[in-house]
Amino acid sequence: MTGEQIFFLIVGAVTLLSALMVVTSRDLVHAALWLVATLFGVAIVYAFLNAGFLAVVQVVVYIGAIAILFIFAVMLTRRQAADTGAAMNANWWVGALVAVVSFLGLASMLSKWSGFSKMATAMPSGFDAVGQLGGALTSADGYVLPFEVASVLLLAALVGAVYLAFNKK
Amino acid sequence: MNFWNDPLKVAADWLMGVFAGWGMNETAANLLVAFLGVLLLITILMVIDIFLVWIERKVVSRFQDRIGPNRVGPFGLIQPFADIVKLMIKEDTTPNGADKVVYNLAPILSMMSVLILWAVVPLAPVMLGVDLNAGILFIIAAGSIGTLSIIMGGWSSNNKFSVIGAFRQVAVMVSFEIPMLATLLIPTIFAGSMGMNAIIQSQNIWYVFLSPLAALIFMIAAIAELGRAPFDLAEGESELVSGYNIEYSGMKFGMFYAGELLHAFTFGGFWSIFFFGGYRFFGLEQISPAFGILIILFKAMIGYWVIMWVKYTMMRIRIDQMLSFNWKFLTPVAFVLVMVTALMNALLSSASSWLYIAGMILSNIIVAWVALEIVRSTAKQERKKVEGVKVVAEAHH
Amino acid sequence: MIPLSWYLMLAAGLFSIGLFGALARRNAVAILLGVELMLNAVNINLVAFWRYGDVAVMAGQVFAIIVFAVAAAEVAVGLALVISVYRRRNTVVAEDLNMMKW
């Protein structure tokens, strides 16, 4: 086992463990903070995959915006400092069962696939991933339409969120 | 490649030789050398940070017509060390009902978010941690970790003032991030890269001459990001006592405080990198990296001085004024400026450099003038409304 | 070198944990947290397939970026809904919001 593999295993274990803490911790602020840890782990996974730009964007968008938004929402929607009541609903075991079954199903399906344990080819030398990504997002024969649709979606979400959260007197 | 031209490379090669002599394999030796480099950088930064305390106190006292620390050591230079000793021997308190882990983690994260910024700061042409091709985004990412540390500190202290302070600070930070990122796109357009070194290398003309408005908006957004006056309402001594760090004492408070000072200095450095040519100064940096380091530290110090100048001259504004200043003025202006700059850049790409500079400056002036005109006319209308109300009120008497 | 299978397994695990969170939690904010985990798992897969397929085809990274945008939009609207519901009903527990239940 190489050093890279050991490092990946540690990162993966930490990511999964903090993801488990996200769904099980009773205190929602703690859950949101564990989410930050998970998102960091995912960012490191992107760095493993030679997608440094996505790793940085992950930190900016997810931790800088989404996680902060979650913490805000948690703090704005509780009456007392302590949460009361059970964290899980009565059918939590059904959820657990569905999750385990879906994991096993995914694993067994993937393990039958021929490209399952494929190794990565070396990155072409001088490959400008960020430039390529920018080109793909903005060229007409690339993905300019999904890109524009995503920006319209963001605008709609912005307007919708302001409208919904606006306190009508 | 001798020591004079690239001291870090020579030192690293020498260390690699030493470690190889000890029978270490290459990967481990590389890791160890990188680790030592990081340790060296952090040590130097912390030493600078100690003297930033002295500089800040001296500058503020001059602004306030005082002399400042002058008892301990020559010119009071030993004063920051006395401060550190005081912070060290202070009782380390944790409030009742505090969330201990989060409470203790917040100051560390706060300091870390500042220190990792220096990973992408080029000190000289050959001296930088990583030449990340998304260097500008990295700054914003590090800033979001700082935001996180503030909300963690404010929330875990179990104190309503600290939560209010954290809320304010975070609201300010996430909203002022937008004009900051927008103005950082302007050096990106000029340089054709988001890498810090590429931006510095392409500044044959300082970008402040191409886009003075962008430099100004970046500075305003940076001051808001730092939470300094006139945007220091997260601390707001008269209303919130001290904001998010109210419950911290001893070295934990010291870490917030030192982090804030180093953050201000770092943003002075970024200002100089993006708009004032970074380590470049009439080719002096070509002679030796040592000059590069001196130049960039000097320019960062000037940027830091500007931040202090604003801080100790302006008074605090209200949170609603500040947020509407951002959303209704700064962000639209920054977006329009980015669009205009991109358009002018495309139009003038084949023009001579004098025409290019003239066009850029002209477009900046027009954008600024139009923005100020719009603000002036709306302000006039608002004033008229208020004055009208007053007249009616007087008529009743 | 890390085989593709490790990334896929990590993503499958993350997805399942997120699914559990979305199904089992009572608090609406916690359900959204679970959805975020699932979106992240999808993103790991997209980027992994980009890296292990033809690197010059940027589809994987492009869709990862679009998932970022969608996630941001989802969280903004979702949390606005949660806050709006909290204002009217004074609760954010999903099973208490049963006005439409017949």
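Letters A, B and C mark the chains as written, and numbering starts fresh at 1 in each.
Keep this in mind: contacts are C-beta pairs under 8 Å (C-beta built on N, C-alpha and C of every residue); 3 or more make two chains touch, one makes a residue touch a chain.
Keep in mind that what you see is a predicted model, and the values were worked out from it rather than measured.
Viewed as a network of touching protein chains, the structure reduces to a simple linear path.
If you tally contacting C-beta pairs for each pair of chains, A-C comes out on top. The centroid of the Cα atoms in chain B and the matching centroid in chain C are 33 Å apart. Averaged C-alpha coordinates put the centre of chain A at 28 Å from the centre of chain B.
The centroid of the Cα atoms in chain A and the matching centroid in chain C are 6 Å apart. Under the contact definition stated at the top, not a single residue of chain C touches 2 or more other chains.
Contact with two or more other chains is made by residues 53, 57, 65, 72 of chain A. The set of chain B residues that touch two or more partner chains is empty.
Interface residues of chain A facing chain B in the complex, by the touch rule stated above, are 3, 29-30, 33, 36, 52-53, 56-57, 59-60, 63-65, 67-68, 71-72, 75, 81, 128, 130.
Chain contact summary for the complex, chain A toward chain C: residues 2, 4-5, 8, 12, 15-16, 19-20, 22-23, 28, 31-32, 35, 38-39, 42, 45-46, 48-51, 53-54, 57-58, 61-62, 65-66, 69-70, 72-74, 76-79, 83, 85-89, 91-92, 94-96, 98-100, 102-103, 106-107, 110-111, 115-121, 123-124, 127, 129, 132-133, 135-137, 142-143, 146-147, 150-151, 153-154, 156-158, 160-162, 164-165, 167.
Interface of chain C with chain A (complex): residues 1-10, 12-27, 29-30, 32-34, 36-37, 40, 43-44, 47-48, 50-52, 55-56, 58-59, 61-66, 68-77, 79-84, 86-87, 90, 92-95. Those residues of chain B lying in contact with chain A across their complex are 27, 97, 99, 102, 132-134, 137-138, 140-141, 143-145, 147-148, 151-152, 155, 158, 163, 167, 170, 174, 177, 194.
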